[in-house]
Amino acid sequence: MNPIEMNPVALQWLLYFGAMGLIVIGIAGVVLHQNIFRMVLALAIAEAGGNLLLVIAGFRFGAVAPILQDDALQTLNTSNMVDPVPQAMVLTSIVIGVGIQALALALIIRIHQRYGTLNMREVHACMMVDINKSAAVDDLLSAQQPRGRRPLPSPPESTAKRANNE
Amino acid sequence: MNSIVLNIALPLLVAFLLPLIHASSRIAARITGPLVLMVMMWSAVIVFKALEYPVSIALGGFLPPVGVSFHLDQLALLMATIIPLLMLLLWPYQYEQNLREQTVLLLLAAASSGLALSGDLFNIYVFYELISVASFGLAAANRQASSFAAAFRYLLISGLGTVLALTGIALIYTQTGTLNLAQLGLLSSRLDNPLGLSAFALILLGIGVKAEIFPLNGWVAEVYSTASTRTSALLAGLVSKLAVLAIVRILVVAYDDSEAGLMLLVFGVLGIIWGEFSAWRAQDLKRMFAYSSIGQLGMILLAFSIPGEAGMFAGIAMMLHHLVVKPALFLLTEKWNHGTDSLRGAARLSPLAAALFVLFALSLIGVPPLPGFWAKMLLMSGLVGMDTSVYYIALAVLMIATVVEAQYLIRIAVTLYSASDRSSELRLASNTGVMSLFAVVLLSALLTLTPLGSKLYHIAAESSNRALYIRTTFNVNPTPVLEHKNATQEASL
Amino acid sequence: MNFLDGLLILSLLSVIVTGFAQKLRSAGWLSSVLLGLQCLLLMGMAGLAYGSPAVSSSFSVSVLGQPLHWQFNALSWFFALITLASALASSVYAAGAWGEDYRLQGGNPGLLQFALNLNVFAMLLLLASGDLLSLFVGWELVSWASLLMMVLAGGAAGRFGLRYIVYATAGAMAVMTGLVMIFQLTGSFQFADFAAIAPSLSNAQVVTFTLLFVFGFGVKMGLLPFHLWQADAYAETPGPGAAFLGAISSRMGLFAMLILVIQLIGLGRLINIEVPYSFFSLRDVLMWVAAFTIIFPTFTAMRQNDARLLLAWHGIGQGGYMLMGLLMVNPLGSAGGLMHVFNYASYQAVLFLVVTAVIYRTRTADLNQLGGLVTRMPLSFLMMLICIIGLAGIPPMNGFVSKWLIYRSLIVEGMPLLFVASVVGTLGTILSVYKLIHNTFLGQLRLEHEQIREVPWSMMIPMLILSAVVFITGFLPGIVLDWVASAQAALGIPVLEHTLGGVESPSGNLDMIWICSVLFGGFAVGALVFYSGNKSRRVHQLDNYAGGHFLTADDRYHYSNNFYAGLMHHIGHWYRGTFQWLESSLGSAISLLSAATQMLFNSFHPALFLLLAATLSLLFFAG
Amino acid sequence: MIWLVALMVFIMLLAAVSMLLVESQVSAVALSAAVSLALSILFVILQAPDVAMTEAVVGSGLSAIILALTLNRIHRFKQTTTAETENDA
Amino acid sequence: MRNLTALLFSGGLAFLLMVIAWQFTLGDAPMLIGAAILDNAVKEVGAANLVTSVVLGYRGIDTLGEIAILFTAATATSMVLGSFAMTDEASETEQREDGSILGSSVRLFFPLLLTLGLYIIVHGHLTPGGGFQGGVILAGAFFLPLLAIPGRSINHGGIALVEGFSGAAFILIGLTALFSGQAFLQPLFEHGVIGHLFSAGSLPLLYIAVGLKVGAELSGLLANLAGISSHAAEAEK
């Protein structure tokens, strides 16, 4: 299917918008989501965007796939071909993406099994509690801790009353 | 000269076969790991000795710009020898033989040697990814809930870094059409525009995750305090240095005379501030050393941001010094991992460990006779040598950071040596053996300071010499005479 | 193998020997013998003090291409003499009865001797430095060795030692920056190279160098804004250690500043650098810093109730005199400054030792719990009397000579306001010193101190010798002035013509022999009248009556509590503790900043920071 | 031809965005498979058959299976097709 | 607030990336090493599929790194999920009865998938696809019966065997090139006629090794993720 000549600017605008869009959606997905499962999904999208960008780097108008088929086998002309190197690179980076994704999902299963939640905020909180417990240290920034050496002054009557009837 | 590839092929081969070796006989599996590391060290030392000038190896027999090439200069081979040495020291000997952790360690060894030697941009990216996945595995190795969570968060940040690095490489490829570092050097005029610099920025952020660059080091404290001490010693000591080395090699060869170095400076300074000030507040030793390693890496980045030999020399000196001191300090936290105030009076129980801590702390701060001082002085003379206001600000930040660092390290030393009532449960730090090994290395560096200094200067001069790098790669069969043909002949390629 | 090599090797040897011999009971005497030998070796080099050329050591190490070598000149000999003398005195003091008592109370006298020897070795290394690099190496060793001495007592001493380290490292970093800048300018660390390019330095460079070095070394000397650490740290150091540190340790900062600021950069450059929008020159600024360093600590000393703290605050104050003296062009002033180093070391060491003796006997240094010890410890009283006369700067003692020189040169150089400031400082000294001797020795003896006896001879002898030195050098200042003159020559500043009795120079002459003999004549007449008449009869203190009442033992006729209440009523409101407030605000600023930095590390989702970094760096480059 | 590219890009971006916004996990996994499928078709158009095949097999095949398996392990979602009960998103 | 900044900055990032992308022109790839490879790939490597000649010939070390990454991911996953098999969870759900339709269709599919996978692997150097794609299909083929027929367990020992040997084979082929004087991972043997099955020297062998390794690894990975306990797992516990 040799591509008929179409206006290149639209194609360029489309493809690059697609690639960059995927990357940004991926990164935004990871940053915005609280659920760690969704983050892994978004990461996969970002990886896919990166791969598309790489393949676009090797594309040439009117070029044919870098595989010698039937008639090309005899003539062995490889001049009008797309650049094979980015394709080789993308092969590797797709499999890297899947490798990382598999490990991430294994960790998610374990986290869910141990902490029982998938929300990053709770996972972080539980982790910090564990770290502080293992280091036998009480975290300075946690709310229960009184600031500095002096214990917190007891709340005045009004707030105490309001607190316990809340 | 080609035998250096064994440093990558052999550990991979043994790692692939380890499950089978383990199935056949447990004892064989137990000793194969250290054996392989020794062979790696031996082969690296041979090549290191036989090398007078840099050599480039074409992998797969295809000449560099087309095929992947390894660039063997003294810096790369120095790292190639240090990697197996340090892993031998930090090998989990007495732990119950976790087969999978050993395989991952071997893979880490192969990948680190690959990263140190590689001369191809995408090859660096693949080996960097291999190191990342191996370090995720190691971070999650001791199977506690918090280490899984820390490993996951680390994986997430590193995954995003991978995406950025990939886009960076794609941008560079679209601009220059090549992946070989030497050829990128030749075409660096094309990379010198904002587009090239933003590609470098993306790669810097991508690889910076492991080099604990300022905004991306949220994972450092979590992973180092949940992983086992040997893993965190390995990650903090060795792997972060390799990531910095990869960035510096790209910077030196492809982006030599542009203000990409300035970006390194900014990240270095921010890293120092963030690392040292957080360490000041840290309450337990592991997190304190994690934050202090961020600070130290900020200093190393600062050193490498100085263009030319002075910067490279200071950077390598700081890097090697941190490589010796930090793993030793982390080994200390194996027994002393509770809060700092529970360490009161620990010196009476284990005097050797306390004395070693004071020695390493003084060297880290930079007290004269110890090598840490000479490394920091090189860095300062490099910064002052630049004589521009940005570098003076960096110098001021470095000074303040050192004062803060002195305060929290000596605070620990004073607690160690202060009197304490209940000193029963602090057991003797059993593995002072390995730590005293590090101390011996530190003191021997002190005694042989001048020859070591001149050797490092030679390494720095060679590795910061961009023209030499390009000439080596494109004369795959280097003429025996040291001075090569002039660069114009290469431009014809 | 000349005397200098011998001295350095012996000093290193004594550090190693005392290091291993800590547990030995006679470790004290061993270290005293070793220090004595070092003094003899120093005497061997006495020629330096009388004009013979500098002795350079045969050792020389070259590190990273920079040679380090060591040499002694008259200035370093002069400082080494003070160091070794006060070290020997404290070592003998600690070796004797005091050491036993210290061991009984859980201390480790062997460790104290080791720390003493380590400090001496570090100071000798610093004094013998032949180039900037060895100067800095020596400097760092001195500051870390004195940390070891300070934290021996443990507990609160640890906290004060930590505070000292923060100041010391900040100072060291400033000095290191200065040295590295010099290295960039001259390409080498030699004194000669820096001296060669010093005249060609621009004003801005001179100001940066001076500020860096004055800040760097001033921290150790306890110049005004950085003086808070010294008093507490020295007060907490065990007795003889405090005497040694108080006497000489902070003068190392002065020595290093002399070499760098006075000898290499030169006073001339400082004088003609105008501070903008004011009629001060850079030197005047430093002089005023020195003046305030005299006034503030001395008046703080007056309010102290702990004898050791009172003396430690004085240490900071007297440092101001030395700096003020050395910042003056005419030889009178610089000679006064240098001599004050010697004088101050001598009587400060004795004062600390006497206070330790009082603590040894009465177990307390609180001035409100003491009184009337003159009847039980007459000799200690005599020595404290001699030394507070020296500290206050009153004729028969050597303190007067150096203060006179400084005042005289202030007048000769036309700085009346500074003269008034230093006189106010001296007033403060006299007031606080009188409080010291009155509250401990004069007044009514307390019941619990009835059985107190004089301190044993092993502690008495060092005090006796040193106070004898104070008196003799006061009577014949020429001895010290010879050494001072050769030190001035070594520094390359104009030398003071002097005689055995005092000073014979166009801008003023002084003959102490004549003054002292007249004074003693007067004493002799008074003693004659007293003893010839001799109608008096010795009675017990309480065996008399006042205002018709018989004195009873349990009520206090001795006014010592809150001694200067009246004076404080007037000037009390000036004590706002501005420097304490400054220091604590700096500390809380740092802890606030570190809490903020930890916010980044505690954020539950760090990926946001990666996004920010990516966008901003792209903006920076692609923009 | 251009409209095919436009369609694929539009599907890809739509699937990606909706994957982030959609409530249920299972449909998110399905959408991620859709994104990778659209991407592999794009690769075919860009004359990169190798990459298209890998993307199809690995992207929509393997990663979809892994994600589904993890969901299975996490949510123990029932065989019945009732809507997601756990509001764990 | 956090989401707002995230949205703002990701919009900024998108804009900046588009600005960067806009400076390229699609289609005029600089073709520096691409052209060099296109010109002499057929001569030097002799594979019909030029991408394979790049993947295994010119950039063989990348593929080695690639396999190592997959191997590390699989090992790390088994390390993380090692002893946490599905069995302890399966107790509370009733044992799934043997769905006959599912079971029989799986038995039908298995050989088809197997041949498809092997075909793709073997023809890696001729047609698009190769070791990775074929390996994944093989993994799917092995994993399908496990899903369909409950109680069927995977024998990890066998998988580890295949995985180990195929990985070792890949490296050993590379090392034989090294020890026979050429560089590491240099394509061996003569190229044969282009387009035929036995052409492009050692490339097919390499791709078969890659295919088997990826197949074995991923089936082990999938089994781990699915929590299907295996004989070897019990042995190791």
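Going in written order, the chains are labelled A, B, C, D and E, and every chain counts its residues from 1.
Going forward, a contact is a pair of C-beta atoms (placed from the backbone, for glycine too) under 8 Å apart; a residue touches a chain by one contact, two chains touch by 3 or more.
Just so you know, these numbers come straight off a predicted model, no measurement behind them.
Q: Indicate the lowest number of steps between chain D and chain E, counting one step per move to a touching chain.
A: Steps on the shortest route: 1.
Q: Most central chain by CA mean?
A: B
Q: Could you grab the centroid distance between chain B and chain C? Build each centroid from C-alpha atoms only and quote it in angstrom.
A: 46
Q: Can you check how far apart chain A and chain E are, centre to centre, with Cα atoms defining each centre and the answer in Å?
A: Chain centres of chain A and chain E, defined by C-alpha means, are spaced 21 Å apart.
Q: Which whole number of Å gives the spacing of the CA centres of chain A and chain C?
A: So the centre of chain A lies 63 Å away from the centre of chain C.
Q: I'd like to verify one number: the distance from the centre of chain C to the centre of chain E, where each centre is the average of its C-alpha atoms, in whole angstrom.
A: Here the centre of chain E sits 75 Å away from the centre of chain C.
Q: Quick check: what residues of chain A touch more than one other chain, meaning two or more?
A: 11, 15, 17, 21, 23, 26-28, 30-32, 39-40, 51, 56-59, 65-67, 82-83, 85, 87, 89, 91-92, 95-96, 99-100, 102-103, 105, 107-110, 124, 140
Q: Which residues of chain C are in contact with two or more other chains?
A: 595, 598, 605, 607-608, 610-612, 614, 618, 622-623
Q: Counting only residues that touch at least two other chains, what does the list for chain D look like?
A: 49-50, 54, 58, 62, 66, 69-70, 73
Q: Show me, using the given definition of touch, all chain pairs that touch one another.
A: A-B, A-C, A-D, A-E, B-C, B-E, C-E, D-E
Q: Touching residues of chain E toward chain B in the complex: what are they?
A: For chain E paired with chain B, touching residues are 16-17, 20, 23-24, 29-34, 36-37, 44, 57-62, 64-66, 68-69, 71-73, 75-76, 78-80, 82, 157, 160-161, 163-165, 167-168, 171-172, 174-175, 177-178, 182-187.
Q: Using the touch definition from the top, list the residues of chain B that touch chain C in their complex.
A: Chain B residues touching chain C: 153, 156-157, 160-161, 164, 194-195, 197-198, 200-202, 204-205, 209, 213-221, 263, 273-274, 277-278, 280-281, 291, 362, 365, 367-369, 373-374, 376-378, 380-381, 384-385, 387, 395, 399, 402-404, 406-407, 410-411, 414-415, 417-419, 449-450, 453-454.
Q: How about chain E: which of its residues touch chain D in the complex?
A: 49, 51-52, 86, 89, 93, 128-130, 132-133, 136-137, 139-140, 143, 218, 221-222, 225-227
Q: In their shared complex, at which residues does chain B touch chain A?
A: 122, 126, 129, 132-133, 136-137, 140, 144-146, 148-153, 155-156, 158-160, 162-163, 166-167, 169-170, 173-174, 177, 179, 222, 225-226, 281, 283-284, 286-287, 337-339, 342
Q: Contact residues on chain C for chain B in the complex?
A: 62-65, 136-137, 140-141, 144, 147, 151, 154-155, 158-159, 161-162, 165-166, 169-170, 173-174, 176-177, 180-181, 183-184, 590-591, 593-595, 597-598, 600-601, 603, 606-607, 609-610, 612-614, 617-618, 620-623
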